[in-house]
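Both of the next two complexes hold chain A, though its partner changes from chain B to chain C.
Then we have the complex of A and B:
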C-alpha cells in the first residue's frame, strides 16, 4: 500500500511511474528498484504488492507474453495481454492469491507497422490488412482481485489519495510528451511533499510506438 | 484418408472481399429432413467446411469450438485463426501416434478473419498437417476441382466472382452434367467495418434460392467449362 504506482495516457503514448525504494519493515534496503516490467516492445506494466508475489507474478507474465509471441510469430494485442493478466490473478484468487496491484501501459500498432506481420501476410494471402490507423495507447488498471479497467489515468495504493485530485484537474486528452512530463513532475512532487514515507526516487517510463524508454519528469 | 476421398466435395476460395466456403451433400433423399452437414460456424470470426466421416467432424468441431471459447475466456478476444488451427491439428496428430484408437477420418477447410493476418483459408488433414491456401478443395474428385481453381483463380477476384468460381470448381467434381442447388451448401464470410468492433465479421449462409439464381445466371459459364473439360479428356 505504501508503494506508489501511477500512470496516464497521452496522445499516442502511455506513461507509467513507480517509486524506486524497497522496504523491509522500517528499513529502506534499496533505492533503485525498477518495478516497471517490459514484457514486450510496446507493452509494460508496473507491479506493486507483497515482495516475492510481485516478482513471481511479473516474471510469469513477462515469460508468457514472450512465449506467445514466439509461438505465434506476432505480438498479441494489449487487450488480449491485459485480459490474460487478469485471468491469471483471478484464477489464483481462491487458491494461491498473488497480492499485487498492476498498472499496464501499452501501445497497439496497426498491423502494417508491425514488420513481422507484414512479411507473413504478403507471403500467405492477398488479404486486406487492418486499416492503417494510428498507434493507439492503452492504460489498464488491474488490482489484486482481478478488476481490469481501461482508464485515462490511475494510481494504486496510498498515492491514489494524493494523486486523483491532481490528475482529475490537470490531465487533458491528447497531451503532448512535454505536457505529460510536467504533469508527472507535479504528481511526484505531491507524493514527496505530502506522503509520510520517503520516496526520494521514482522510475518513470514512456511507452510509444518506438518502444519503451526511461524518462525524467520536467520541472515547470 | 479413404473416407475423405469418398466424401462430398468441399471447396474454399479466398478473395480480397471475403471468403467463400462451399460443400456438396452426397446422400440426398427427398424424404430426408433438410440439414446442414458440410459447413459449420466455429466462432464469430471463423467457419469451416468438412469432408470425411461426418460424426468425426462434429466431434472435432466441438473441440474447436471449446478451444475457441477457452481462448476468449483467457484473452477476451476471438482466437487468431492460425492459432486455432495449429492447436486443433496438434490434437489430430496425437491420434496418429497413440495406440488403441483410430485417427479421425476427416479433413477441414477453415475460413476466417483475424486482425493479424486478415482473411485466411486453411486446409487440415487427418494426420494433423495444415497449410494456408488461396483456394482449395477436398473430398471426392477434388483433383478436378483443384485443377479448375488453379486455372481460374486470380488475386483480384471479387466476392461475387469468387462465388461463381467456387460453384464452377464444385461442378467439376460432380458426375452429373448440371449443378443441383439442393445438394449444395454455401456460405460467405466478410468483414463490415461499419459494424462495431468484435461484430464486424458477417457469416452468411446462402439460401437455396440464391444458389439456384447463381447457377441460373452463370449457367452458360458453368456448362461451357464442362465441355472444355471433356475436350481435354
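Then we have the complex of A and C:
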C-alpha cells in the first residue's frame, strides 16, 4: 500500500511511474528498483503489492506474453494481453491469490505499422488486424481481485488519495509529451511533499509507437 | 522490568508455534557488500532462544560452493537446511553442465524454493554473495519471496546498527583490506547495541580466487579499538 504506482494516457502514448524503493521491515534495501516490466515492444506494466508476489506474478506474465508471441508469430493486442493478466489473477484468487495491483500501459499499432510481421503471420493474420491508421494508446487499471478497467489515468495504493485530485484537475485529452512530463513532475512532487514514506526516486517510462523509454519528469 | 525504549527491532523474527509453548526468537547481524572485483560477507556468531544465549560459536556464513556464500538470519534450521540443499544442487549443476552456477542462478533457485513455501512459516533472510563469470554479485532473498540485487545489504535484528556504520564509509573502490576492516567494524557496532548479536565476528572475502575466511575474532577484543570514549561505560 505504501508503494506508489500511477499512470496516464496521452495523445498517442502512455506514461507509467512507480517509486523505486524496496523495503524489508523498516529498512530501505534498494533505491533503484524497476517495477515497470516490459513484456513486449509496446506493452509495459507496473506492479505493486506483497513482496515476492510482485516479482513472481510479473515474471510469469512477461514470460507468457513472450511465449505467446513466439508460438503465434505475432503480437497479441494490448486488450488480449490485459485480459490474460486479469484471468491469471482471478484464476488464483480463491486458492493462491497474488496480492498485486497492476497498471498496464500499451500502444497498439495498426497492422500495416506492425514490424513483427513474419511469414507465419501472413497465413493467420486476419485475427490480429487492428482497425484505424493511427497508433492507439491504452491504459488499464487492474487490481488484485481481477478488476480490469480501461481508464485515461489511474493510481494505486495510498498515492491514489493524493493524486486523483491532481489528475482530475490537470489531465487533458490528447496531451503532448511535454505536457505529460509536466503533469508527471507535479504528481511526483505531490507524493514527495505530502506522503509520509520517503520515496526519493521514481522510475518513469513512456510507451509510444517507437517502443518503451525511460523518461525524466519535466519541471515547470 | 524491561528497559525497552524503542519499538521491536526489525528482523528479530519471533513467532509462537500454535498449540505449544515453544517460542523462537532469532537475533543476528549479517552484512554483505560488493566492491570492484570482490565481495564481502560478514556475520556475528550468537544464537539465541528467547532470552537465552544458546551459543556463541555459530557459523552463520554458509558455503554454497567454492565461490558462493549464503548468510543466515532467521531460523537457523531453515537457513542451514535450504542452504545445504542449494549447495548440493549447485554441485550437481556443476557436474551436469561443466560450469559453476552463477550467483544470480543460485539465488533464484533458492528464492524459488522460498516462494513455494510462502505463508508456511519458513523464516529465512539471506544474502547470497559470490563471484562468477560476470564478477562479484550480491542478492538479498527472504521468506516473503523477495529477491533483489544490490551493492550493500544487512540482515537480522542488528542490521540497522551495522548498516548505519557501513553506509558512512562504503565506496565501490575500497581495497580488500579496507573493506574487511569496515565489515568488522560494522558488525562490532551491532554487537555493541543489539542483544541478539554477539560472540565472534566472521568476515569472508570472495574474489576470482574463491572464498577466503579472513577474520574470526571475539568481539570483546575490539571494544577499546572501536569505542573511542569508554567513559559512558566506566569500569566500576
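The definition used in the following text is that the second predicted complex is superposed on the first by the 204 of 220 C-alpha atoms of A that agree within 3 Å, B and C clash if a C-alpha of one lies under 4 Å from a C-alpha of the other, contacts with A are read in each partner's own complex, and residues count from 1 in each chain.
Rule of thumb we're sticking to: a contact is a pair of C-beta atoms (placed from the backbone, for glycine too) under 8 Å apart; a residue touches a chain by one contact, two chains touch by 3 or more.
Model, not experiment: these values are computed from the prediction.
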Exercise for the section: Could you say whether A:22 touches chain B, chain C, both of them, or neither, answering first, second, both or neither? Expected result: second
Practice task
Have a look at where A:83 lands relative to chain B and chain C in the superposition and call it first, second, both or neither.
Solution key: first
Practice task
Tell me which partner A:51 touches in the superposition: chain B (first), chain C (second), both or neither.
Solution key: second
Practice task
Go through the superposed model and pick first if A:33 touches only chain B, second if only chain C, both, or neither.
Solution key: second
Practice task
Specify the partner with more touching residues on chain A, choosing between chain B and chain C.
Solution key: B
Practice task
Quick one: classify A:72 as touching chain B (first), chain C (second), both or neither.
Solution key: first
Practice task
Using the touch definition from the top, say if A:176 reaches chain B (first), chain C (second), both or neither.
Solution key: neither
Exercise for the section: Find the residues of chain A that appear in the contact set with chain B and again in the contact set with chain C. Expected result: none
Completion exercise
Listed in rising order, the residues of chain A that touch chain B in the complex are 72, 74, 76-77, 79-81, 83-84, 87, 111, 117, 120-121, 124-131
Problem - Complex contacts: residues of chain C adjacent to chain A - result: 10-11, 114-115, 118, 125, 140, 142, 144-148, 150, 153-155, 159-160, 163
Handout entry: chain B residues within the chain A interface of the complex
Key = 14, 16, 73-77, 80, 82-83, 113, 115-121, 132, 134, 155, 193
Problem - Complex contact set, residues of chain A against chain C - result: 22, 24-27, 29-30, 33, 50-53, 55-56
